[in-house]
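The first chain written gets the first letter, and so on, giving A, B, C and D; residue counts start at 1 in each chain.
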Amino acid sequence: MDKATKIRLLNTMLRIRKAELQLAILYKNGKVPCAAHLYEGQEAIAAGVCDHLTHNDCLTSTHRGHGHCIAKGMDMKEMVAEVCARKTGCCGGKGGTMHLFKPDIGVMGTIGIVGAGIPIAAGIALAMKMKKTDYVAVSFFGDGAVNNGAFHESLNLASLWKLPVIFICENNHYATSVAVWRSTSIAKIGDRAASYDMPGIHVDGNCVDLVYAAMETAVKRARAGEGPTLIDCETYRIRGHYEGDDALYRKKDEVLEARKHDPIEYWKHELITEGALTEEEFDAMAAQADAEAEAAGEFAQNSPFPDPEEALMLTAKC
Amino acid sequence: MARRIRFIEALREGMRQEMERDPSVFIMGEGVGPHGSAFKQTDGLCAQFGEERLRDTPISELAIAGTAVGAALMGMRPIADLMWIDFSMLAMDQICNQAAKLRYISNGQVKVPLVYRMSTGKSKSNAAHHSGSFYSWFINTPGLKVVLPSTPYDAKGLIISAIRDDDPVIYLEHKLLFNTRGEVPEEPYEIPIGVAEVKREGTDLTIVANGAMVGFSMAAAEVMAKEGVSIEIVDPRTLMPYDGEAILKSVRKTGRLLVVEEGFRFCGFGSEIIAHVVENAMDALRVPPKQLTTMHTTIPFSPPMEDYVFPNPERVVDAVRAMLSA
Amino acid sequence: MARRIRFIEALREGMRQEMERDPSVFIMGEGVGPHGSAFKQTDGLCAQFGEERLRDTPISELAIAGTAVGAALMGMRPIADLMWIDFSMLAMDQICNQAAKLRYISNGQVKVPLVYRMSTGKSKSNAAHHSGSFYSWFINTPGLKVVLPSTPYDAKGLIISAIRDDDPVIYLEHKLLFNTRGEVPEEPYEIPIGVAEVKREGTDLTIVANGAMVGFSMAAAEVMAKEGVSIEIVDPRTLMPYDGEAILKSVRKTGRLLVVEEGFRFCGFGSEIIAHVVENAMDALRVPPKQLTTMHTTIPFSPPMEDYVFPNPERVVDAVRAMLSA
Amino acid sequence: MDKATKIRLLNTMLRIRKAELQLAILYKNGKVPCAAHLYEGQEAIAAGVCDHLTHNDCLTSTHRGHGHCIAKGMDMKEMVAEVCARKTGCCGGKGGTMHLFKPDIGVMGTIGIVGAGIPIAAGIALAMKMKKTDYVAVSFFGDGAVNNGAFHESLNLASLWKLPVIFICENNHYATSVAVWRSTSIAKIGDRAASYDMPGIHVDGNCVDLVYAAMETAVKRARAGEGPTLIDCETYRIRGHYEGDDALYRKKDEVLEARKHDPIEYWKHELITEGALTEEEFDAMAAQADAEAEAAGEFAQNSPFPDPEEALMLTAKC
């Protein structure tokens, strides 16, 4: 990995982190009209995966998709404004925090139904294949999705048809209040790839270099027409399931322990020790990300709400 | 001096009392266990009955619904919480092809005594995937019963009746009602499935409303009362089989029918009630019946748009005025 | 001298011509490939277009429906064959939560040009899991269009329009119609979605009928004609958005409305049409409107019981007589 | 396996075979109102599995379920009469060939929707467990069902909750016209058990002794509260998907080859070589099974059809 890439990955993680913290504040201040699911602590996955993608490559995501959109290249302003229900949001306020779209950069939707993005990503990959491109599709989903039929049916079909799709499972150990061991009969989710004669890779999702490397292999395979890969990224959901969730269903120390493995701290330390980064440079990057997030928050709050009547645009008239 | 509690407490009390009375009753769903469910509907029950009877499940709606069917075939009385009605789309086969049909197909050799609980309707910017009200699909399915309580009293009585019923019952919980308060007796009681209640007596116009729409209609009725208009409000409580007689009785008295409901209009509950009334009592109608429903669109996220597409008390008032000046 | 072919040939020809015209059109489903589909709808197409465009799938309805959505988002025009409408219950989330909503949610940034084909209705003892007609669920879902052809001519025109439409379209194929014959032009043509056709002109009573019910109603009309009763038959062809004006026009002329359809009654298409008419033209009705639907029961297997629960020409005649003597 | 068991297994297979051939004739003669899916060639699976079950144990089955019902103890008359749509059928003519029930002997339904019986069997097992019995549930399904979400969600749940359920996959190499390799991304379906931390056993489904042995292990495990097992029984669909299916989508020789491995011939030969059976005894058993099947056909044809109005019994009145 060259230095530019290393720095870019760090920057992407920082930008996601700052955007989410900004949204946490906006939520507290009543600027977000509904509970939002924040991505803090999982930034290495979005960054490491999306760094391999161009705007021609597409992703589908989940209710916890802000980070994926930013990593894929969405303007932070558009994302934050959408979450704040403004007309200037990427979906004009129609979608909201769980429904972000930006097709021209390959964001084919963050989706509110667990697992629903998986077959859609397979279908996107099918189109890419039928059109004889070497583009790839990526589907992000959580550990909660791997026990849903959509996961099973889609991985089988993708393998059967050798579709250029990469399945990214973000195992953050919880699905709402349900710990992964309570819902999933197997210890390593990546092992389920074997059921579909598909490579399954298990990585520490808090180490961006490992995620990046796993994705490199998977993307190469997909672009070469050799089919899909399942990447099982182990991480931890630092915050509650949604803003406002007291998360009393888990032990405080568990969270404190997890915080020690912060993906940004890890990568910062790596880069500094190997001399690719100085504390000053890091602080500058962080400050810049902060400023961008602040500006996005400002932009959102200064943006108008949509007019009520806009609700009926795009609706089949009867 | 009667006790006033919240809707969600009444629902929970009904489930608790049935679980105390009948060991075959248990609850399964995502987060129903130690956490006490998405809206805290089962808060405290796991502590009382244990994880064996409050079963946290994976995000496997089809298996949740189907496992409930299997358990019910063996004489258990499962309550399966599907969280938002929107997620039931993943379980339709088990709900509408299996639970609804097995008693009939087997020629009565088996019964399927289970309850599918689902939250329904508008909340605050729940958007396209968490604001569903498509209970008309269940009403359309032979073999299912569908209830939608509008008060804490009805919430408790209907959950007890649903649990005791030998057929599958869809129990709908309107998100806007969870924290509303009302009088609720301590002891267990049933509200017969299929029996409507007149929530307000009146003479000039009948509003058939369900769930959160009952409150909107009561508010509208207050406004109209000041203008000397007397509105009768009929709450079917059970949407299937609905109490057609009670509705006809009211319309024969008032001569005017407005249906206020939160589902979509086309092939919805509003159209059903209007068809029922005109097929059976058209001559009683002094003006054409009307319905006020959620507008026919995917539900938008942003509050101004979201508020615009759903019914509200002002819209009920406007609809009533339009019918009276017709 | 015009060509007469079978319904299934007309449907197949429509698909073939669109696939020849537009390389983005392809078909996927269980057995659509070399075998040519459950009812031979795609017979010969695999030989012409290859397995790349006639894709046999596993029995994964949810993934079939969802993969079609993804491909459509990228500008392909998939036709997903879900075989029996009954199996679509496993794909409801992708059909009604995803395909129907993504264009709206994305604020028009994406479109979802796909067709879900499903066979519907009564056949010979297909029993509880293969006789469904619950298209009212799709009608109830904003973002979907629903068509149900009753003739070979309509079958070809509507499949072509459905394929060319930029929104998801549910294309229903009635099992009893596959082998019926009719005049069908060789060249491709569209039948606009949302436009009804008067299949028979009359003055005394309007029958709104769809799919196989059109033929039943035509037969009944013949019988009544001998008794000097003139029946008009309106076939909506598109069930959503349906041609409300055409129906009102006919009812204003005849003053009587009977809806004949195969879905179930409660929250069904019959109730919808009746509600539409009374809300907009009650004064035009000389007698209360009626509907003839499949009885509200799970579909039994044995022919005597199966025949008993479905509409048939005799029942249509009885219903018409009852309305005329009202 | 004692001699009585060996003979009983053979007899069960013969009775299933003869019943199905009887139904084939009845179908040809127009006595079966719709296409029926016959079980010829797969008898060893139903026989080997159900021999371990009592009437307290339950099964769910599929559109191809006649054989399972007979093996579980259903009176042949009731089964044939139901398939012939008569009032005397096990469901009074309401169910038909794809919907057979007999709860008092544990036939909890053959179901027309592929895969739908799997979660139902898991639920039956859940009830058995909650009631603290040592009963077991069995779910029969075809190779076509293993790519459906119902399979995935149910096996995960069953393993997680250690339910006493045995999943019997009958891989007869076809799902309608679709060969298993066209629909399934993995060679050995039994290997999918690993995704659920569940034992998976692969057996030749045409060898009743092997099926019997695999089931013995699985039942012991289930009754001991150790959880579910997936048994992958490889067999072949000798006939068309349904009566009247020309099955032109496969080669004649493929079928001829498969016919050589007839499960009844195999077991007959085994028993004769080891001296547990004589040709004469076999012929006598076959003749008796024939007679029973004939009688069942007679019974069905002499039974009345239900009255039309019976259709409305059991329907919630509105």
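We take it that a contact is a pair of C-beta atoms (placed from the backbone, for glycine too) under 8 Å apart; a residue touches a chain by one contact, two chains touch by 3 or more.
A quick note: this is a predicted structure, and the numbers were derived from the prediction, not measured.
Listing every chain that touches chain A and chain C alike gives B, D. Using the mean of the Cα atoms as each chain's centre, the chain most removed from chain C is A. Between chain B and chain D, the centres computed from C-alpha atoms are 40 Å apart. Chain A and chain B, compared by their mean Cα positions, are separated by 36 Å. Rounded to whole angstrom units, the spacing between the C-alpha centres of chain B and chain C is 30.
Looking at chain D, residues 91, 94-95, 99, 111, 113, 147-150, 153, 156-157, 160, 182-184, 315-316, 318 sit in touch with two or more other chains.
Looking at chain C, one finds that residues 57-58, 60, 62, 86-87, 90, 93, 97, 104-105, 127-129, 142-143, 240, 266, 296-298, 300 touch two or more other chains.
Because contacts link each chain to all the remaining chains, their graph is best described as complete. By the touch criterion given at the top, residues 58, 60, 90-92, 94-95, 99, 101-104, 108-109, 111, 113, 116, 118-128, 130-131, 137, 149-150, 153-154, 156-157, 160-161, 313-318 of chain D touch chain B in their complex. The residues of chain C lying in touch with chain B in their complex are 62, 86-87, 89-90, 92-93, 96-97, 100-101, 104-105, 127-129, 134, 136-137, 139-143, 240, 263-264, 266-272, 274-276, 278-280, 282-283, 285, 288-291, 296-298, 300.
Note for the complex: chain B touches chain D at residues 26, 52, 55, 57-58, 60, 62-63, 65-76, 78, 93-94, 97-98, 102-110, 142-143, 145, 167, 240-242, 244.
Residue ranges of chain A in contact with chain B, taken from their complex: 33-34, 85-87, 91, 93-99, 111-115, 144-145, 147-150, 175-178, 182-184, 249, 305-312, 315-316, 318. Note for the complex: chain A touches chain D at residues 147-153, 155-157, 159-160, 182-187, 191-192, 194-198.
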